[in-house]
Each structure stands twice: as structure tokens, then as C-alpha cells.
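Same chain, two partners: chain A is paired with chain B first, then with chain C.
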Partner chain A sequence: MTRHLPLAAIYGYFGAMVLGMLGLRYYASTHATNTEQPIPTFSHEVHVGKNKIACSTCHEFTNLADGKLARRPGIPSVQKCMECHIDTKDKPGFQLLHGFYERRESIVWNRIHTLPGHVYFPHHRHIRALAEKQELKLSQTDDSGYIKHDEKGVALGEAEGQAKLCANCHGEVKYMSKIRQVRSLSMGWCVSCHRENNASIDCLTCHQ
Partner chain B sequence: MEALTTCGLASAAEVVEKLFAPPDAGRMTLLKWIVNLTFLIHLPYMGLLVAGTILSLLLNVLHRDGGGKNHARLAKDVLDLVTVNRAVGLILGVFPLFALMTCYGQIVYTGHVLTYGVWLGVIGLVSLGLVFVHVYREQWALRESRWFPHLLTGVSGVALLAGAYLLVFSNVLLAGTPERWPLVNDVTDILFTWNIVWRLGQWAALSWAFLGASILFFFFFWEERRKAMDDSYAAYVRKLGAGLALGFLFPAALLMVLEVYNTTSPYFQGGYAFGGPTALMPAKGAFDAALVALILCLGTGHLLWLMISRRNAQFGAHVFFLLLGVYAAWIVGNQLQLGETLKEHEMALAAAAAEHEEKAREAAAPPPPSDPATRYKIGEKVFLQMCVSCHDPALKEKRIGPPLLPRLGRYKTEKNVGDLMKWIVEGGVAGAPDSAQYQPMTPQAVRPRDLPMVAEYLLKRLEEGK
Partner chain C sequence: MNRRDFLKWMGAGTGAAMAGCARRDPEKVVSYFVPPESWVPGRPTHAVSSCSECPAQCGIVVKAYDKFEGGKTRWMPVKFEGAPGHPVNDGRLCMRGQASITRFYLPDRLKSPLLRERGAERPISWDDAFQRISSALEASAAERRAIVWLAGRTTGTLSGLLDAAAAKLRIERHPEYEPAAAWEAREANRIVFGVADLPTYAVEKAGFLLTIGADVLETFGSPVHFAAGLRHAMDPRPREAVERAGSRFRWWHVEPHFSLTGANADERVVVRPGGEAHLLAWLIRRLLPGEAFGQVPEVSDDELAARVTLPAGQVEGLAETDRKRLVLRKLGELVEGLRGENAMVVAGGVSTQSPGGLTAATLAALLQRGLRMAEKGLLDFRRSQNFPSLAGPAEMKKLADRLKGGEVGVLFVSRANPVANLPAAAGFREALAGARLRVALADFPDETAKECDLVLPLSSPLESWGDAEPRRGTWTLIEPVLYDSTLVQEGKGWKAKGREHRVASPLHDTRSEGDILLDLLRRVAHEKVAASYRDHLLAEWTRRGIKADLFAAGFAVRDPESPKIGETDWAVVREQLRTEAFRRKVEGLVLLQAPTVRAADPRAARLPLLSEIPDPLTTITWGGWVSVPPELAKKEGIGDGDEVRIESSAWTGTMPAKIQQGLPDGILVVARGILAGVPALVENVAVRKTGRKLEIPILSGSESQQGRGIIPMDARPHGGHAKKAEDEDNGLYPAHKHHPYRWAMAIDLEACTGCGACVAACTVENNVPIVGAEDHLRGREMSWLRIEPFYEKRGVEFIPMLCQHCDNGPCEPVCPVFAAYHTPDGLNGQVYNRCVGTRYCSNNCPYKVRRFNWWENGTPERQPLGKMHNPELTVRPRGVMEKCTFCVQRIRDVRDRAKDEGRLVKDGEAERLTACAQTCPTRAIVFGNILDEESLVYKLSRHERGYKVFEELNARPAVTYLHPVEPTS
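Coming up: the complex of A and B.
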């Protein structure tokens, strides 16, 4: 019996490693973020990359200039999609969107970027801080509603600049047909960015 | 390129820009396969060389301290086995590094200039390390008379090679973590993370196990070498080879599980990464490759135990090839993980490559027509293709975009034709009092050669008032 013990130990050890890896694989497949969306043809690559639409056009609460900046970015309603796509009913790839619109149903998008409940994350503060750091000027209008221009005649409010700001945490969305999480959003990552930018690393800053 | 310029490495970035062109999707796939194959040739050999030289040094010291004659004999035999000759050192040790530098240069094109610079440093260190190891081997006869210098050349060679592979793993990890690129300013920023330690540790463990398997294979399956061994030496070599292979297989398997866990754990809710978080995305293929490697480890462990318990070297070749399989699975798994994390970067490269091709096409195209009627027709064609999905073709009614006739008035003078072209390609909010009724205009991807013709066409329509 003792003659077989070493062999049993070898099988036990490597078997445990194989089982551990199978467990990790299963855990990853069930817990990793689901990137499938209810409208599979929707592409940020087309909207942001090809058509250069500013993030705040659809995620309205990310606009620094119009006073609507809020703790959450705002997921666009079907109505928002329809502002541009009302005439696209017969085009291939748009039937699902129009189905939601006609049924007066909301699109329940799968959330990609999630933070645990014990993390306080105000989106607007990060936008303000990053805009200040990167010296970005987003959509500035004067009292009569005209877009302000800088001395070179460039409109103060450009999609590229905003996308660059958002890319700090969301990656280069303009190249993503499907949104993926490209930053770990782990505590270490948050803290290293806070350190890098001289933001507070006090526990209560994020764990209120 | 921006990451480079923020690092104050603009001139180096310009050199890189001139050396490489943005790779397209097909070339990226080819480059990844070349990297896989090159690593498969290079890493096992260099692991064997480093582990073999360390073993030779240890046995050499043991013999000097009064160990048996088998120690000295094996110290020399192992050194001969792993160094082979200078040509093999160049072919398997140095040349692949040039291939890897070129491939990584293309894969992380415009990513971070350190990934090129570090490869150059690695080539220098590995070359120097190989020279020291070969000097250590060639001065074997002098070891009695000049013991310390003899030992020092071997130790220096190992130290240089170990330093070089610390850089290799740091660099490969940097290439696979684009989010770190803006934070890295110099080489000291990439030298130490726990993830590098796991990877280096795994390479070391695999290399020692592979050294054991290679000793079994090359000593017992090559007729001449087998015949030259007496029974006492053969038993000693078999025991040491099988012991090394089995002993290091245990940590190699554990480190493999830890490495996969470590690279994927931030994506598990509440997951914890040993040694600090990484930003790698879990690639399903990486799990599968690690599973294959672990199953092969299980089989190898079984055969090694049989060799030890039956006191023969019957399964030496099986063990050697199974461990080569473990190496291959580990390398492929790592490359799959790298591919997953570089997806975003690759998409940026594909866009750059498409732009590159478009510019080349533009340059090769005949000059735009000068005949006004043809220019009008081309302008009309582009207008109908690109503008009428939002604007009324008659330019009078409000649609998704505003009626164009009232808006075009401001572009009447020659100076403003340029402004109109700029507006078409850049878009934005017009800044008119009724702009709030409309979405900002999206920039239109009109080809530069067509752009003046569209602007002229629109101004012609304005003149005609229809």
C-alpha cells in the first residue's frame, strides 16, 4: 500500500491543479462580464469612431458645459436613438431598435463597467478633474445659444477631446464595436491613478 | 505615439515611426505565430542553458568541497550538453531575439518605445552572458589552477542571462498592458511587479524540470553517451535527472494556476490578485492552454515516478517531449492572453493601416477633373450618397438636419469655401439660433479629392437658389 502512496500523491497534487484550473475557467465563464447586448448591431465604433459623435450626445449627464453633469453618466433612452434613427426602419440592422420603439419598451443594456456597492464613485467629479488636467474645453455656448470659438475659429466643444477624456477609464471606445472593460477598475488601479493625479487616497474618499 | 511623446521620447518615437509601418490584420496574425514559434525555440533552450550552467556551477563547487567524482563529471557533461557550441548559442539564443524585437515592434507599433529599447538591451545582455558561459566551459581545464576566475565567469554569465530574462518578462508584460504605457517613464518603472516575478518563477521552474528531462533524454537515448557511462554514473545521472524533473514540476504547475488566476482575477467579482492587480482580460484560450499543460504535467509526473521507482530510464524520451508540450502550451496560453489584451490596440492599428492605405490610394489616383460639369456631377453624386440621409435633397426642408439653403449663405465668398469643406469633415454644432433643434452634425468621411467638388456643388446650388 505505501508503495503506491507517492504515485497517489502525484495524482492528487496535479489532479487538484487541473480541478483548480477547471474551477477558474468555470468561474470566469459565469462571472466575467457579459458583453452581449440586446441590440447586437449597435456599435460604439460606428458612433464615436466613424461618425465622431461626442460621448455626451447620448450619455447626457457627462456634458461638462450644460449644467447637467451628474453622478451617473446616463444611458440614452430609445427616444434618444430615434432622434437620429427615426428614418432607418427599413434599413437592415435597425429592426430590433424600432421594435423597442414601437412597443414603447426600454432597452435593457448589459452593464459592462460595474463597481462594488461599497465604492462611492461620482462620475461628474472625475470628468471635471480630468478635463481640467487635460485642458479640454467641452461644448461651450454663450447666452444666446451660439457655440463659442477659440481664437483660431475652432469650436470649443469637440467630440475627439471628450472621447479622449473618457478613454482614461473606458479605453478607446472609438475602436470598440462591442464595449469591453479594458481597465481593471480594481482598488489598486483607482489608487494609483489618484496618486498620479494628486487626488485624495483617504479611505473615506471612496468608501463613504 | 502620444504615449511616447508624453514620456519625453518624441525623437525615439520618430525613429520607430520611420522603421515600422502600421500592420494590418493579416500581418498581425502572422506576427503572433512567428512570436509563438520563436518563443518555443528560444525559451526552452535558454532556460536549459541557464539552469544547466547553474547546475554545473553547483556541482563544480560540491566537487571542490570534497564531493564524489560523479559531481565533477556531470558538471562538465551538463555544461557540454546545454552549451552545445557557439553556433547553436547564436542560432537559438541571439538570432530569435532580433526576430522577437521586430515582431513586438510591429505588434505594439507606436505603443511604447521602451518595448523596442529594452529588446536591444536584452540582445546585448544575452550575447555577453553567452560569451561568459562559453568562456566558463572552455576554461574547464584551468579550474584547478585558477578556480576563482573560472567560477566567476560562470556566475557572471548566469547573472547576465538572469538579468536579461527579467527584462524580457517585464517587457512582454508591458507590451500586454497598454493601460500602463502612459504611466511608464523609464526602464525602472517596468522592472518589478509581482506578475513579473510569477512569470519569471514559472519559467525558472519549467526550465529546471526541462533540464532534468533533457538529462534523461540526451544521456540515455544517445547511444555513444549511454555506452560511455558506467553503472554508478548512470544511476547517479538518472536519479538526478528524474529528481530535478519531478521536483520542479510541482512548483511549475502551481505557478501556472497562480499566473492564470492572477491575470484574470480582477474580472471576478471581488477577486483578489496575488501581487497586485493587472488589467488583462480573461482569454478563454489561456484557460484551455493551461489545462492542457497541467494534464501533460500529470502524465509527466506519473512517468517520472515510474522511472524513479523502477530504477530505469525507460520513459526519458516521453518525459522530454511531454515537457516540451507543457512549454508550448504555456507559451501559446500567454500569447492568447496577450492577444486579448491588445485587441483594442490592434483595432487602432487596423484603423491606422486603413488610413495608410487610403493615403497611398489617394497619392496613386489620377488628378481630380478640372472640367466644371464633371466636377458638378461628382459633387452631386457624393452629396446624394452621403448627405441626403439627414438633409433634404431640395435643400429647403427640415429633416434630421436643417435645410441647407439658409445655412449656406455664410459660405458665399471664396475664403469660406475652405470653411465649408472644414465643416463637412469636422461637423459639430453650427451655432445658429435654431441649432438646439438638431443633433450636432457628424463629421463626414468625404475623400479629400472629392471634398472641394462637394463644396462647389453646394455653392452652385445656392447660386441657383434650388
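Coming up: the complex of A and C.
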């Protein structure tokens, strides 16, 4: 028995390593990050899930309707947050936000959906293509920037559709109190979708 | 090793490996407080500015991206491009202009005010600095000593403010010290035309051009304007290849050495330094009748032939009498040319800097006046180059004497480096000690700043407000690229106010010269002045009525008053002609410091990018060298890279030698900016080999084409040759189908001057790393685009060589991992993160345009300019092959925009799309979609002069060259 011990130890050692790495990879792909954000209590669940605000209300450069659609989605400005939150100060998160506003400071968030530097990713082109596919008109919002609701208070189809469109890559953010990455954003994942939709799979379409 | 050790090491190894797996810091995204006006995420912004690399002051557009830098997002400049429509450069820039963006990022920039006391240097605050200046000014006034402000070229509002400040603070404004400007030509204009200024040379209107020493394609006046004008003079049609057949325009160049300008002229005349004046006197007596011009002494044919000859190739092996006859016959042609319509003469550069240079400049001005060039509009004194004051050697000597004599209490030196630019014999460095306080306003710790007590760091134009007036009546806006918006409350929230309310936000603790002057007025003279230089500028622009134009177009053009052209001061002319310098001959072997396209003056030497780009004539990159004429090299047994010892009364030292084909005998040439403190011309030089061999980075493999026909010299008609290869499918593999684009390029070698602007533009645009001398010596240069000079019997020809984007790319089939492949729009793609670095592709490339990353070139240690990187593409990692992509990021940009708008890319968008085509001063490079039969590139690719390099290999390149035209004499 003792004769086999060293061999067993070595197999065990490497086996554990391989298992550990696979485990880590699985964990990373599902849980992504637990990154601390400057306003930790900011929640997409509240904004999108509870209050049913359309994505493009805040992420202005994702709006197909008003011609502002841009290569990057952009993050809403502090100013934009204050359009709604100027009078809400009752929670620590709001106080943090008001702090930034009063100091006239930008908020530096940790990025969750990151692509490597060699990838060219025009965000707007993907919104356009997906909208075409789902036959959606985006951002049918009322003047206040809220999604139109029917009499029973249910969001109208377009807004639902928009959330569904974005969910293709960003997941159901309306259930996320803290935003996380649900898709691998790996090349294989990109290419499978490009194949499915007859998009170009020429290398230089995405690689730079 | 026993079992226990093995396990220990394995454990340690695994631990170390896992430690490497730590998560990197997450990337940042920013919620602006209020986004800058017209901000679109991921898109660059464009700001207008003026190039400050030479006195020409071209208009530029700065492309900047918002980058997260030092805890905040800022617009960081990424690329300079010429401002479209600007009167000086119309959208183009030269090599130095393209490279000057690196100046902003160099780590040795001055970052705060410095005080030098008892040999030690320490940073101080601005308050402290002004305190010291204030007390020194008072003390100096009490001692009745002068306060002098010596500056480099100062135009526009700053010049007016400087005058105002000088009046209030009792500062004496010294004539500007700008060594790269043609002081002699300006002085000659004062004598001959009665206008002390440099005219704008309207070369585009010339029917015949004679340039004497003026290196118009390198540093003289505004080289970009000159190059564009030359192209227009050769062939005014904008959308055609240059055709010389129907044109009478000929360009003659006279010079004592061999320059890029000389290499491009139709005819070159070689002159012994100092002999230019004799040639001009000879020409005047033949061309200009009248009593007045009779005061110019007659120069006999013998005297002339002793000083003037033709390039070696034309007079080789001729007996002296035959040579003389040939020279005089050739000069007869020159006289005929000057008799023609709209003949133009320009003198400057090395010819006016040799002994007797002012006489040459004066005679050239007489010739200009006699041929009525001002009246014909060839010399535009109304829109002159705006040099109201310029210090010559006499003024600088006087200043040095006054400093030595203790007459100057406080000396300010702004944007000028007289210590390095004046010959050491002028003693300026020693003279500086005579002042009570020396204040330097500088962006870098240059030789002069190092001699000063107080150094005030200047903001870059990219982080300050300003303007420039490169020509009288032509104003260029300088707006900050790095700025903070001014916010105003609007309703419930805040809003960024418009462009003119931006507040410059420098990276370091620096200030603009205008703000420093206002501070001086405020603190020392206790004047009520504008709160900031920006406010002062806005008020001035409003007063002049140019504000709206400046903000709309980036420049404003107003009609200035015409200066009155006066009588020629013949007394001074006669005086000039009597000088010793005119009569005597320059003796012995001559050492000449000539300006080159890479070095107008020492300030260019500070930019590593300019050292990385090869000198156009020798392809030498880093370090200094002395060019030796072939005859002398043969006599002394000197070869390339031999160390030679140069001995003279003015300077003695050793340098590596390079044999320069075409350089006349009796002259040694060193590029300006390499030898500091040595006069421009040194006579009676002795040169000998020391026996040591030095390595110099010469990038070209051969000076000759070795008969490979890279540039076909026999001007054989290629009619339809290129077309045939295009249409026939004669490859092993099935032909590619291209739709809807096939990107292609046409390069007209008749228009190409070899100036290398494209190389600099390419390097900056594509994040091409600067690797340094050591790698160049190992043949590991990284440049994606190179200019190859080939020495032919009739002179030197240049060809820009870049990836040819072959249809049958020899690189593609040999790549084991399909990293090199053909894209549907005809590019030869290189997928960097697929490449494993076998280098087979480079081996198989007949054009040798692929570059291998031997290092991790993106790291801050290897690349201190990393912050400049264009975010539209990566920095390639170690072990990866890279090459020209036809600026695929720029193609993608217009293609995607067109797709968004549901159309195809228009030819107008594509013609100058790549960085090289964009900046080419002579529009030699044209880009476009060859599937569009209306496009310019389609037309040029089928031009009868069109050919492909190594056509016989059937690689079917996308680049068509138009071979140069054989000059008909």
C-alpha cells in the first residue's frame, strides 16, 4: 500500500488542481464579480423591475428612436440621476449621490461588461440588428421618460420588448439588485450568435 | 533532487502560478457630473489648434478621446491632422508636424516652476516665482538696468499683449529669435523692397522656379504649403496624376550639398559655398538691363565656372574645358527659363547662411524685383509670413555684449534656445551670467533654461487658449483640448456652457505665456487686466471682428493693408557687394550643417519619434553622422560606419561617416541639431579615419535597386499592363470575390517627394511602437510604412513601401494558424490574437513589410508615450506579427457610418482616408474603392504610368504605383 502512496499523492494533487480550476472557471462564469461600486445600493431591480423604467431613459445612447444611438452605450450622468432624485435624500444611497452632485464630481464605476482591447464592438449596431429581428420600436416612453402603461398599470409591449432585447446580452437586469455579467462574452458566444443571424464572421469585423 | 524537494518545489511553483491569476483591477466607466457638450461615448472630439513645431504655424485639428487619466476622464490628444481649408497647409502636415503630438506626452516636460540656486534646482510655487520676479524687476529698475524680453516667434494676440506688458513694465521687447526663419531673406527684402518681412511665396502660380539653397520641401518658410504649391505648378488638375508632358514648368535648384529638396528638383546645379552670390550676379547681368542693375558687378564666365558645376553624374570624366562649356550651356538654359512667363526665384537655407549669405539674399531679392515677381503676385507681401521683427546675428551679438557689460538687469527668454542655437563662439552662455535674474519660459529643460535662475513651465498649446497669425490677416484659433466645462444652473440642473467658456485644464502645474504676462501686469504693475488670457483673447477677437469665423472654421482670413513697396537702398546693396565675404572663395574642405526634414533646429531633436523615422536620403535613424562625398571617401578609404575625426578651428570631434551619393566633392554635411554650438559653415576642415568601426542604424538594405525594377527607370510604356493583371485570373487558387468594396491605393511617384510625412502619420495613427537604436541595428524596426530611396544615375528616386494588400498574398497560404487572411473587402488581414509568431509570413513576403514584436511594446517602460495611444486599435503584444492595415479602423469608421445611413462609402470620404493619404502634402497617395468605377483610385490604377512592384510574382497587389516621368530637357 505504502508503495502506491507517492503516486496517489501526485495524482491526487494534480487531480485536485484540475478540479479546482474547473470549479473556479464555473464560479467565474456564473457569479462574475462581487465588485464594490461607489454607490453600493444602486439597484437595477428597483429602476427596471419595480419602476419599469425603459433602459434608454437613462442609457441615452441606446435609444433607437431619437437618433442618438452611439457606438458605446454610455453611463448616465450625475445630472441625469438628479432629474428624479433631486428631492429624495432619505436613504444612504441617495445621500452618496447627493454628495457627488454637491461636489460636482463624476462617479467612477467599476465596469462589469468588459471586452478585451482587441475587440471592436459597436453597441448601436447590435441594438439595431436585434430590434429588426424582434420587430420592435424602441423607447415608446411618455414625456416623463417612463414607459407607457395600460389602464391596469402593465407596461406596454414596446418597453417589455426593449428589456427583452437588452437581456439578450445583459441578462434580466430587472431581477438584479446588483448588476452582474451573465453571458460569457467569449468569442465563441459572439460567433454563435453572428452565425445564427447571418452576421459577418470575417475576423476584422470584430478584431482590431 | 529527492522526493521531498520535488514536492516542495512543485508546491511553490503552483502557488506562484496561482498568484499570477489574481484579478486585474476592474476597468472604469464614468458618470460625468455633466457630460461635455456634444459628447458621444466612444467617439473622439476634435479641437482646432496651431502647430508650434516650426515658424510656419500650420493649422491643425486635434483628435482626442476621453480617457480615464489620474482619477478623472479627460480628452487626451491622439492625433494631429492638418486643418482642412487652412490657407497655410490645407489639411496637410509634414513629418515634424505629425510627430509634434509626442511633445505633449514626453516625460521630461517641465511640470512646475523651478528655482536654481547655487547650482541646485528645486520646484517652487507660482506665487514665489512672481514674488522673485517682482523684486528683481524693482531692483533692476532702481539700478537703471534694462529688462529684456527675448522670445521665439510671437504672433497674434500674444504679440499685442506682450507689447502692452512691455510698455507698462518698462520691458524692452527684443527682436524675435527664431533660427529656423530666414533672417537673411527678410533683411534683403528690407534693403531691396523696403519691406522688412518675408513674403508668402505663391509657388502655385509659378511658370518656372529657381530655388537657391532654400530647402523648400524641408524647412524653408512653410514646407507643406510649398510642396502643395509645387504639385499645383507641375499640374494644376486636382483629380489627375501629375502629367509633365504638356507643362512648361521646370524647377531648378542650386545648392552646395545634396538635400531632399535638391533630389526632387528637375535640374540641380552644384555651387561652391559662397558662390551663390556670383551665380546671382551673373544672372542679373544677363537678365536685367538698365543702369541701376549695372551696379551689380559683372562676373566672368571663368569666375562663375570656378564656383558652379553640375551634379557628378553629368560631368563625370569630362576635361575641365568641356565641363566649363557644359556648365555654361546648362546655365544658358536656366537664363532662358527665367525669361519665361511667371519665373520665380527663392533664396534661403544654407545658401544665405554661408559667408556672404546676406549678399546672396540681397542679389536674389534684386532679381525678384527686376523680374517683377511682387507685381505678378508670385511674392505676396500683403499676406506676408508676418515677421515684423526678427533678430539677426548682429542683434544677438549686441544683446550678448549688453549682458556681459551688466546693462541688462532681468532677462526673460521665452520659447527660444539661443544657448544651443548660437555658435559657442558667440559666448551667449557666458554672457547670461551678467544679468541679475534670468527667467526662462519653456516647455522643456533645454540648454538655455538650464542656465536660468527661474524656469516658468509653459502649457502646451493643447492645454491653453490662444491664437496665431501665421500670415498677415490670417488668424488661427488655438483652443484647449484638455479643458473643464463652465457649468451654469439651468432650471433644476446644471448645463455645460458653450465652447468659448471652456477653462483650460493643464496636466501639470503649467501656465500659458498669455496668462503669465497678465499675472505680471496684475502683480507687478498692479494693472486692472482681464481675469484670464481667455477673456483677453475673446475681447480681442470681438474687437477685431474675427470671433465668429474663428469658432466656425477654426481660422479667419481678413484683408490686411498692402505694405508700400519702397525704393531699393542701392547704397546698402553696393556696400554688400564690396564685402570681403563676397569677393573671396570659401577655402578647403567645408563642414556644413544643413537643416533636414527631421531637424529644422535643435527643438526637433527632443522628439524620439523623429529619430525613429529614417532620414529620407540616408535612411539613418538614431544618432548623428557625417555625410562624406564618394570621391573623398574613396581617397581616404572611408566606408559607411567608419569613425572619422574632423578637425577645424571651430570644432574638433569624431563621428561615424556615411557615404552620400550625389554629394559634391569638397563638402562634409552634418544634419542640423546634432552639433550644438558649431557655426553653420566651417572652412578648412581636415578629416581622417580613426580606424574604429561604429555601428550606425542604416535601415535601407541597398542604395541601388539591384536591377529589380522596383521603380522602372526606362519609362517604358506600361499601357494597360496593370489592367491586364487586374482582369486575368492566372493564380493557383480561385480568385477572391470582393463585394461591395475592394480597397486599393495608388501612389504617384512623380508627385512623391520622399518627405516622410506619411511615415510619421502612420506611426501615430497606428500605435506603432518606437523601439530605438539598438533594435534598429538588429534589423528590428517596427515602421509599417517606409520610404525607400534608390540612387539612380539621374538622381535619387523615392518609393513609399507598405503592405501591398495582395490579392494572392504570399503571406496568407504559409500561415499555419490562418492569422494572415484575405478579407471580403480586399484587405490582407492580420488577426493579432490568432498569430503565434512563426514569422513564416514575413519570410514569404516579397515586399518585406511585415514587422515582428520582439518585445512587449505596450508596457510603460518600453513605451513612455503609451498615454497617446489610439484607442481604436490595440498595441500588439510580444511574439505577434503586425503590418499596415490600410488603417482598417478608419475604413471601418466611414463604412459603418455609411451603413448606418444605408448607403455605400462615397469616393470623397475614401480618397484621403488612410493616415498616409490624409497628410500627403502633394496628394501623391490616393486611396479608395476600386470597384467604384467613378473613384479616383480606379482611374489612377489604370493610368498608363501605372505598374505593380514585382508584378511578375503575380501577387496582384492592391497598391498601384505610377512611375516617375523621365525629365525631358
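To be clear about the criterion, the second predicted complex is superposed on the first by the 149 of 208 C-alpha atoms of A that agree within 3 Å, B and C clash if a C-alpha of one lies under 4 Å from a C-alpha of the other, contacts with A are read in each partner's own complex, and residues count from 1 in each chain.
Following the convention adopted for this analysis, a residue touches a chain if its C-beta (ideal position, glycine included) is under 8 Å from a C-beta of that chain, and two chains touch if they have at least 3 such contacts.
Source: prediction; values computed, not measured.
Q: Spot which of chain B and chain C makes contact with more residues of chain A, would you?
A: B
Q: Could you look at A:Leu7 and tell me whether it touches chain B, chain C, both or neither (first, second, both, neither)?
A: first
Q: Touching A:Gly117, do we find chain B (first), chain C (second), both, or neither?
A: Second partner only.
Q: Which partner chains sit in contact with A:Gly171 here, chain B, chain C, both or neither? Use first/second/both/neither.
A: A:Gly171: touches chain B, not chain C.
Q: Per the contact definition in the header, classify A:Glu83: touching chain B only (first), chain C only (second), both, or neither.
A: Touch status of A:Glu83: both partners.
Q: Touching A:Arg104 in the superposition: chain B (first), chain C (second), both, neither?
A: So A:Arg104 only meets chain C here.
Q: So in the superposed three-chain picture, is A:Leu204 touching just chain B, just chain C, both, or none of them (first/second/both/neither)?
A: second
Q: Is A:Asn51 in contact with chain B, with chain C, with both, or with neither (first, second, both, neither)?
A: first
Q: Which chain A residues contact chain B in one complex and chain C in the other?
A: Residues common to the chain A contacts of chain C and of chain B are 6, 13, 17, 33, 83, 86, listed in rising order.
Q: Sort out for me which residues of chain A touch chain B in the complex.
A: 3, 6-7, 10-11, 13-15, 17-18, 20-22, 24-25, 27-29, 31-33, 45, 49-54, 57, 83-84, 86-87, 116, 139, 144-147, 149, 155, 157-159, 171-172, 175-176, 180-189, 192, 196
Q: Okay, in this complex, where on chain A does chain C touch?
A: 6, 9, 13, 17, 33, 35, 61, 68, 70-83, 86, 100-101, 104-112, 114, 117-118, 120, 122-125, 200, 202-204, 207-208
Q: Would you tell me which residues of chain B are touching chain A in their complex?
A: Residues of chain B touching chain A: 178-179, 183, 246, 250, 253-254, 256-257, 260-261, 264, 266-270, 273, 276-279, 281-282, 284, 287-288, 290-291, 294-295, 297-298, 301-302, 305, 309, 343-344, 347-348, 351, 389, 399-400, 427-433, 435-436, 439-440, 442-443, 445.
Q: For a test of understanding, state which residues of chain C touch chain A in their complex under the given definition.
A: Spelled out, the residues of chain C in touch with chain A are 3, 7, 10, 14, 23, 26-35, 40-43, 68, 71-73, 487, 492-494, 821, 823-824, 827, 829, 831-834, 872-874, 888-889, 892, 896, 899-900.
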